[in-house]
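Per-chain residue numbering starts at 1, and chain names A, B, C and D are given in the order in which the chains are listed.
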Amino acid sequence: MSEPLIRTEGLTKRFRSGGGLFSRERVMTAVRDVTLEIARGEVLGVVGESGCGKSTLARLILRLIETTEGSVVFDGTELTALPPTALRAMRKRMAMVFQDPYSSLDPRFTLAEVLAEPFRVQGHDLPNDAVPAMLAAVGLPEALATSYPHQLSGGQRQRVGIARALALHPDLVVLDEPTASLDVSIQAQIIALLADLRDKMGLTYLFISHDLGLVRYFCDRIVVMYLGSVVEVLPNTQAAPRHPYTDALMRSGFAPDPARRREIVPLGGEIPSPFALPAGCAFATRCAFASDRCRRERPPLSQGLSHPVACFHPL
Amino acid sequence: MSAWPAPLRALRWPVGGIAGAWLIVIVAAALFAPLISPYAYDAQALKEAYGSASAAHWLGTDEFGRDLLTRLMYGARTSLSVSAIAISLSVACGMVLGAAAAWFGGPFDRTVMVVVDLTWSFPEILIALILVAIIGPGTTGTMIAIAVAYLAQFTRLTRAQIMTLKGETFIEAARSLGAGNTHILLRHLLPNAFAPVLVAAMLATGDAIILEATLGFFGLGAQPPVPSWGGMMSAGSALVFKAPWIIVFPGLAVAATVLAINLYGDALIAELDIRSKLRGAG
Amino acid sequence: MSALLELSGVSVAIGNVALVDRISLRVEAGRILGLVGESGSGKSLTAMAAMGLLPLIGGRVTEGEVRFAGRDMAGMSDAERRALRGRRIGFVTQNPMTALDPVQRIGAQVDIVSRLHLRLTKAAARARTLDLLTQLRIPDAAAVVDAYPHQLSGGMKQRIVIAMALAGDPELIIADEPTTALDVTVQAQIIQILGALVRDRGLALLLITHDMGVIAQICDRVAVLYSGRLVEEGPVGPIFANPAHPYTAALIDCIPQEGMAKRSLRGIPGAVPSALAFPPGCRFHPRCRRATETCRDDAPPLLPLGAGSVACHHAGPP
Amino acid sequence: MLPWLIRRVLTLVPVFLAVSVVIFSILHFIPGDPIDNLLKVGSPASARAEMEARYGLDRALPVQYGIWLGKVFQGDLGTAIVARRPVAELIAQALPHSLRLGGLALLFSSVVGITLGIIAALWRDRWPDRAIMGGVLVGSTMPNFWLGLILMLVFSVWMGWFPVSGARGWNSLVLPVVTIGLGGTALVARITRVAMIEAVRQDFVTLLHAKGLPPLRIELFHVLRHALIPVVTILALRIGWILGGAITVEVVFARPGLGTLLIKSLSQHDYPVVQACLLMLAMAVMLGTLLGDVLQAMMDPRIRAAMA
């Protein structure tokens, strides 16, 4: 296997809050010791519920926020050690599409200005036909170039966000819940567009989502996160879950088919606070299989099984 | 209609239109006072002193027989220019200070905010009184005093705008494209913060006119014989029972102008759809 | 069987913008009716109309009747309508994060319903609240009643909202996107609770959602809305197996499913129209593969088909 | 909450010190020398030096500040240079008048402002709302002193209902309180109205209606309670602003009080008196913000939680 496009090593992010005169300082661990690789050309999905640290992980990988511990290596270059100027230049090779298509475009920019911005900030000349070509690539009419974001629908805005991300032909595109604020009929359009663009441009995607069904449809490999840690890496979309949390996640979704109704066995318990992580397995408080060892000791992401799972009692 | 810029759309009849019309009248009167005023502002005619409204003097005369309408026009010159210049000064400094505080954060931000919050909770009139006492009475002193008195408000507002904008996804998006600090500040943050601050400045000009008048009332504004609305009322206050019109008309001029500014400002806020952004500005 | 809640030809407008166009629905005791649609379909307005709460958002019923237990709600006095709300109709809102009064303790917010409608004493109301919370499997209910909303998780808050809806011992529950703001594992809990309520207590449930998966899991019948109009209605089995309306079919096809071939998801072309510019004729025609000249000119009427009804000039399997 | 309160009060100490430094040093920038007012024209230089020594004006500024602050803590505010009386005595005479006037004005603007705000919010976008908000706006566009003079002209001179000036009897308070209170009323009414309208849009209010609670109960017990949180915040922050109105109005109505004292001593360059007046006003402002924070915490459990 060739060198991966991205390799992270023990990536950890802790946020500090308070600590002023009026409140105690609290430390929140958003991402905890994440080691993963993204191969060139693959679509890696990261799935988890709110607060699991998936969006923070995306930003750490792009170094949009600074890491507390660990490193990110992008195509042989350690991003975490790069000086600011070199990092800014490196950004033309990696891009991000954001969740909220309403606030991800400057309301004072026309679409042409939005799409010219990547060229501008990287000091490239804007080719004459670039804006119409970019609009066409994401299926928008050329006439929209002079429109402002507020004149567009959510789906159209997200297309603009995608066009902006792809303007300089990056190697890696991080997609942070790109369809979570859209209607289902539009979500499917955008997913289809992303798949087409990946084929055409040979892109590598890191796809962040809370929707396991969508991730299983769209991605090649799937990283499952719970409370800041990776609990399982599914090597393909067909692989059976070995971690009880992944299993619960799969059982929580409903298929749009009344013939496949099933007994719901809801997950009990509450997610522990990220301000006070338990000593052992973070999922132990809600897990039917939890033993004393799970509560005491944190299971490592073991490589011995069919695929990596962080569990003492894999299914 | 929607293709028109917001400042023109805000002139929609009746409220915005009437307010706009009054502002145009008062500004024109101020600008062209030497050309259109019926008398000279310091032309005394002691025989005609304390005259109430008449054909010769539409609004009457003061204790020296000077024409009130003329003095009102010249007064507008002083009051409007002092307020407008003071607020422009205040906005310029407040934007720099507020943007810097929001941008650099840390101890600098905290220091600025403590000072700003503290001054903000003091009455503007108190700050202005002390400053005029230091600088000395007159138009320059009044201008600087008003500028300083409103500095806290604009610093606060600009900082709040930038802080909110900093959290917007489009800033993060620009950063993800490799944009540097200068680009983000100049192309995204300041242009987006500008409209709310400018509208707040307009509304504050109304308050500044009142403040200027109050300083004038205490005899600390423009010094005689140069007329200002506050100064005219100061002179008139002692004569309020004998010749109430001396004080009534300048007061009405202040109230009408401030009202017009507020009404037009409200219409402008509605057109620009920035009401929520102006919260917490007082 | 007679319907507990019946909407016949109900139109809703806010200001002079018509948003819901002649919708008819029936919700029966012991049954779950799913109301599904995308943004702008008018599904939440329909819920507000059924609750008689449209004036809160500046809206009004412009046409048609909302009948509860056979009585036209328009003919009732304000007091009569208020006596229904909380007592005979319970309401569950979309976002549990904002649904509770942040400055009032949980217990008091639930107690008030039974004190107001069932005339219970303070102590009896509290006992009932504790009982309800325990039934909804809220751990440590005795402590939760003394908590403020910000101290609870989203899933817990949604169960409190459901407890408030149940406190007046209602016959009908209207749930407006009760799981949209929740994580999937919590969504499963809430759907299970709602399903059990209908089964165990014989309640009627009007479940509003945009999620066809949720509909398939627990509803008996489904009504599909598009841009303020009802396009298809009927029992879930046949509708999911053989959707007659092209929109219903496309909506089901938009959901990624296990075993689906890569690249089979294409979505529905175009965008959901704005209420200010609904297309003439069939409102779905600009996005419809089957659309013809007729669809552009004439709005198709809702006609019976099998056990349900459909509004399409070209209804039937593709 | 108590530990928070203690910490909150402790933070006022550095603020107080900072304010006192500012107040002390600012006055030394004021041109004009109070000694000039005291000396007879042509007095020898020695008389001047003696005079300066008597008031401590010959020492270095930091030393003067230290001495001044030390005395302030003992309740000794110095001796008024022009009035030749202990400043504490002057303040003690003026303060009750100002407190009464400021307190009543604050009460007036709170009660009237909140009431008008509620009425406007309940009838929003209909004529009671337009009338109230229009009236309130017009009221806030008039300079305080002018309004005072006009009220005096109409109600005292023409109608003869109230005394023209002075501070004898309750009815001498009516016009000044109304004059000061109108500005505050406008502010409070506007915030109350907006806060009520915003609170009404919240989901939990919809749910209260869905629970079948009577609308008036919802508006007054739930919506108003919410709306009052921002009102209290702004009111506390702007206590100084409302009291500022008192300065001019005291002068207009020729009432004894801090404002009159301040204006008079400013024009006479009577440092010790000006310092003391400013210090009193600063303390009122600081106590106001403290009170606001405490009230806010009492009204909102989320704020209490953040304080733990």
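The rule we apply is simple: a residue touches a chain if its C-beta (ideal position, glycine included) is under 8 Å from a C-beta of that chain, and two chains touch if they have at least 3 such contacts.
Predicted, not measured: the structure shown is a model, and the values here were computed from it.
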Practice problem: Would you kindly count the fewest steps from chain C to chain D, each step being a jump to a chain that touches the current one? | Solution: 1
Quiz item: More C-beta pairs touching across which pair, A-B or A-C?
Solution: A-C
Practice problem: Compute the centre of every chain as the mean of its C-alpha atoms, then state which one is farthest from the centre of chain A. | Solution: D
Exercise. Report the inter-chain centroid distance for chain A and chain B in whole angstrom, where each centroid is the mean of the CA atoms.
Key: 50
Quiz item: So how far apart, in whole Å, are chain A and chain C when each is placed at the average of its C-alpha atoms?
Solution: 32
Exercise. Would you kindly tell me how far, in whole Å, the mean C-alpha position of chain C lies from that of chain B?
Key: 52
Practice problem: Take the average of all CA coordinates in chain B, do the same for chain D, and state the distance between these two points in whole angstrom. | Solution: 22
Self-check item: Touch list for chain C against partner chain D, complex
Solution: 51, 53, 56, 82-87, 90-91, 93-95, 98-104, 112-113, 116-117, 148, 150-151, 161, 164, 168
Exercise. Spell out the part of chain B that touches chain A in their complex, as residue ranges.
Key: 168-170, 172-180, 183, 188, 191-192
Exercise. Would you tell me which residues of chain D are touching chain B in their complex?
Key: 15, 18-19, 26, 29-31, 137-138, 141-147, 149-150, 152-153, 157, 234, 237-241, 243-245, 247-248, 251-252, 262-263, 266, 278, 281-282, 285, 288-289
Quiz item: chain B touches which residues of chain A in the complex?
Solution: 62, 64, 87-92, 94-96, 98-100, 103-108, 117-118, 120-122, 161, 164
Quiz item: Within the complex, which stretch of chain D touches chain C?
Solution: 200, 202-214, 222, 225-226, 229, 299-302, 305
